[in-house]
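Down below are the structures I want you to see.
In what follows, chain A forms one complex with chain B and a second complex with chain C.
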Partner chain A sequence: MSQIAKAKIVWLQGLTCNGNSHSFFNYPQMESFDTHFEVLYHPLLLGELTFESLLASHITFDFLILEGALSHDKTILQKFNHSFEDVLDNLSKRAKHIICAGSCASYGGIFRLRDEAKITGALFSGKNKGGYWKEKRNVINIPGCPLHPRWLVDTLFQLIKEEKISVDEYLRPKEIYSYLMHHGCMRNEYFEWKVDSKQFGEKEGCLFYLQGCQGPMTHSTCNKILWNSVSSKTRAGSPCLGCTEFDFPKKALYETHTNMSLPQTPFGISKRAYYSLAGIAKSFKIERLERKLMDEKDN
Partner chain B sequence: MKKITKEIIERIEGEATLELEWEDEKIRFAKIKFMNFRGIEQILVNRPIHDAIAITPRVCGICSSSHALAATLAIEDCFAQEGEVLNITQKAKDIREIVLNAEKIQNHIKWFYFSILPELKKMAEVPFNDAFKDKEWLEAQRMVMESLKISAIFSGQWPHGSFLMSGGVTCDPLSSDVINAQNCLETIIRFCERSLLGCPLEEFLSYDSAIQIMGSRSQLSSAIDVMMHFGFDSCGRSYDRFLALGDSYMYEGGLKSAKTTVMSADVKYVNESLENTFFESPTRGYTYSKSALYKKNYFEVGPLARMMVSKDPLIRDLHRRYKDSTLTRVTARLCECAHLLKRTAFLLEHLNLKEASFIPPKYNLNYLTCKGTGIVEASRGSLIHEVSIKNGHITHYDIITPTVWNLGNGDHENPSIAQKAIIGLESIQQADFIFKSFDVCSVCTTQ
Partner chain C sequence: MDKKSSKSEKILEAALLLFSKNGFYATTIPDIAKSMGMSVGNIYNYFSSKEKLAKDIIKYSSDILGEEIRKVNEQECSSEEKIRKIVTLYFDMASVKPQHINYFLRVYLANKEVFKDGCEGMLCVSAFVTELMIFFEEGVAKGELRNQDFFSAFGLFMGYLGGFVFLNGEGVLNKNINDYIEDIATNIYNALKQQ
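Moving on to the complex of A and B:
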């Protein structure tokens, strides 16, 4: 087998639940990953470097992967008796790319809600620019709570192939975040014809009108590439929680937020366009869509 | 000679540091410090109660479904306190248990192959430098994925799946989904028979003597050999007191046991202590981890506790020989994994898809003002969520995680479970491994 010069990775955690690490461990082609990448340090894995030897070394690496929200405040975040600032300063200088894995490292995520002034993402605090750092040129955000393992690994591969990754205003790769969770949703036909899900626990009906689904406003490929190769939240009958967006988690996640009893409109669709079409669709009663998907009577 | 050393514990879920007090070359006391704090309990306040189902899984990336379930049970308890006992169909109960079991199977396999085996290899000086090149690690990683696929078929994704709601589950699986899950499970069972257990699952589950495991050729028996060689059959012992508060098919009601006598236990005797934490005193405290006690005593929770209270013959035999040593603790977790595989196969086989997944509650949550408690036997032990609500909104949320039980902050006179397990040891390497035998999750602890 020919030897490929491997891209080196260091994984560092801030305030985290480890969910992005565990999501990464679900990457199905680890042997192929290993052919191209070398993980110098991951906090959950035994490797050649310990945390101390990593800090003491002068090794440079291609990727610093950040997981978790960040803070300069040492009373809530430190790493093995070192201040987080010292650790991140030391490591970020040695990295070619900095990848924020998950919504916490990208925007501050859930944990930011406890103290928005002190807990942030790397370059953003919620939707506002300026997070742990004011500016940095080599950062890419891959939000999600957690991120999908393929979002991370595919992006790493694109970067080592020196492809130019085009990103949106939140520094998210467009290949992933131009799509909406809504794309590929099994309930799309119910959305088109405005057939609500009457209650949880059923295959039929759209979760946008009552159950708080944020699929039409949330950028991700969840329903395109699926989770754990088999499913997604909406396929399991639960609403999209909007976890790839800067304002995750909104309040009342299982309720549709309405204004004058009208739901929010899908991303980039004007109210006039949406409500006119919705009104027309709703005026028809499509019998097939009102029935169970698999009606016992048909047998 | 007295001295104090500072040590770090790497490769657990999250991180911990130790301050060890030595006397005559032996560990006399250990302060266990968890220094990172996130405050999910505070973040939940003022939110509608159902948000807890989506937000509490984010306490922990490796036991997210357990948190979601504990939150759901706490909400269902709120309904019950106000007079509406929700009717959860058997189908919904079974799906909840399948998802929980898949998470535990994943956890136990991951813990053994990602954490325990590499440490044992290091001790035995077998080279292990790169997980991604290690055949056993790679195979275990594939089994972890299969297990989580079983979860995702019902929970949409893992980690941080969504499938729970007060009143049942949100998914409505097809028969072909169940077949897919059964085939994933079969793959894991074959792997365990071939590698981990070294014999057919049924045969392993019929064992009632430690000699039977040691006589077979398996990764478990090799791990036991290494542990015995390094003395883990006699060290790592704690109080020999066990507690399992959540429900399980293996026993009825909450149970506790001191040595081998099993008695019923009740969550009302649980109390949380803030001693030595930054919450009690920002200056004198030294950790963000609270402690949990039962009738003012420390009890061990987790697979060993569950196996002890359910009187599992194999673990009882190990306990007779090696008490609550590291060896017994490690074996109990893998033995539980074997039980979970069989139980999950049974649940999938008998899942009645004709039943409803969800029956909506009649009461409107927005009018409820009460308190509810949800208890789940998570991978690492009893997990308790307690919520107070006013008009359907959270006024107070309290989470007691399994690691808070096992790794509390006692003092010299009354050390916690893990503290007691390392007092008297002569090396930090031993202490480090004993900590890992508890499958520590500092992430959960400092939610």
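Moving on to the complex of A and C:
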């Protein structure tokens, strides 16, 4: 029986916390992944190649996966006494696809806050085009802090099948990022009737008004493709922090920023439409939604 | 506008005039019918009760005022200038069509029992309040107004204007209400501006 030719992966880290690597390691169908992909180099795994042998080789590969924010500045980022520029120039030329795994590689993320001029994502610095590279055609962003392992692996599978990946203006696959975190949120009824959650971790209430939840303006499938196949931030009672967006992280993540008590409106919804509906919904007190889901009193 | 809508609006206008002048309880459906030269029965073809008519009037007035504030919101000018324009349009309405403001002050606020079912909270004044929400939110977003609780700002703005129109209606002001626009707009801006 002939063996399937495996797609080759090289994983390179910039400024990172390893979060996307660890998320990837939690991919639940790793055996299936292993039959289709071969990791030539990953800084946290014992692979076929060492960093030096990889650099010295002329091996080409299907995927260069970038994790972490990038910088041309040698005082900020280098690898084993090689300038990061040399390393990335060398490897990027040999890759068929470049995948930015996580928000830091995509837009600069948390590390960018240190120095927005010198620390960026691959093709973006926050919202603005032009990051580590001004232009490059074979880059796909899969932001998240961290990304969901299925977002990454599903995209890799699509690419090895040579399926066209449709991306949005921030180079995110639409298959994943055309949804909002809000879609599938189990608290939607509380959102509709403007019933606030009073504290983290409780099952009742919407986290949008007091707890800083950015679910209605954050593109992701967190409430469709669940984390560890069982849950999501909002299901567990913690607000969405908007980690898949170019402006992550905003400040005061667990507070809802308001102007004159009015929060940012959900993505694509005008202030006039949202404030009208919200004001009307708030005019009613829905007793059922004010109560705990599970009453302590047994029948 | 179709014929029925047009007739409905005429009834709303006629009832608005009578309610705002004579009060909700002192005005009857026969009074309204008489003022329009309509039969009492025909009024009921358009509005099933006096209470329903009263609730529709507050929505109607709120829509008219909201639409005027919306035009101000859509202009490219500072919050200070917008405050002046809103004060002006409010006092204009108090001069030219005082029934709208009088209805709000003397019927809607004074007879909450009539409005408790169907006009809860912001339900019947949503169009007008929404425009003020937009005005305040954008003023803060532009760094021109101080960030504070919505109702603190709303009460200061509309309470001031409503109170002033009330004084005007009582005939106690020394000058024409429009002569107060500059002072009042400046006072409101000074109270709301970013320090």
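Definition applied: the second predicted complex is superposed on the first by the 295 of 299 C-alpha atoms of A that agree within 3 Å, B and C clash if a C-alpha of one lies under 4 Å from a C-alpha of the other, contacts with A are read in each partner's own complex, and residues count from 1 in each chain.
Everything that follows uses one rule, which is that a residue touches a chain if its C-beta (ideal position, glycine included) is under 8 Å from a C-beta of that chain, and two chains touch if they have at least 3 such contacts.
The shown structure was predicted, so the numbers you read here are calculated from the model rather than taken from an experiment.
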Chain A as common anchor, with chain B and chain C clashing or fitting: fit
Partner chain in contact with A:23 - chain B first, chain C second, else both or neither: first
Touching partner for A:276 - first (chain B), second (chain C), both, neither: second
First, second, both or neither for A:267, with chain B first and chain C second: neither
First (chain B), second (chain C), both or neither touched by A:111: first
Apex chain A: angle to the C-alpha centres of chain B and chain C, given in degrees as a multiple of 10: 120
Partner chain(s) touched by A:284 [first = chain B, second = chain C, both, neither]: second
Chain A residues touched - chain C or chain B, whichever exceeds: B
Distance of closest approach, chain C and chain B, by C-alpha atoms in Å: 15
Overlapping contact positions on chain A, where the chain C interface meets the chain B interface: none
Chain A - residues contacting chain C, complex: 258-262, 271-272, 275-276, 279-280, 282-284
Sites on chain B touched by chain A in the complex: 6, 8, 10-11, 13-15, 17, 35-40, 42-43, 47-48, 50-51, 53-55, 58-62, 64, 92, 110, 114-115, 118-119, 122, 128-133, 138, 141, 144-145, 148-149, 151-163, 165, 167-172, 180, 278, 282, 356-358, 360, 443
Of chain C, residues touching chain A in the complex: 70, 120-123, 126-127, 129-131, 133-134, 136-141, 145, 147-151, 153
Chain B-facing residues of chain A, complex: 15-23, 25-26, 28, 30-31, 33-34, 38-39, 43-48, 50-52, 69, 75-81, 110-111, 113-114, 145-146, 199-203, 222, 227-239, 241, 243, 249, 251-255
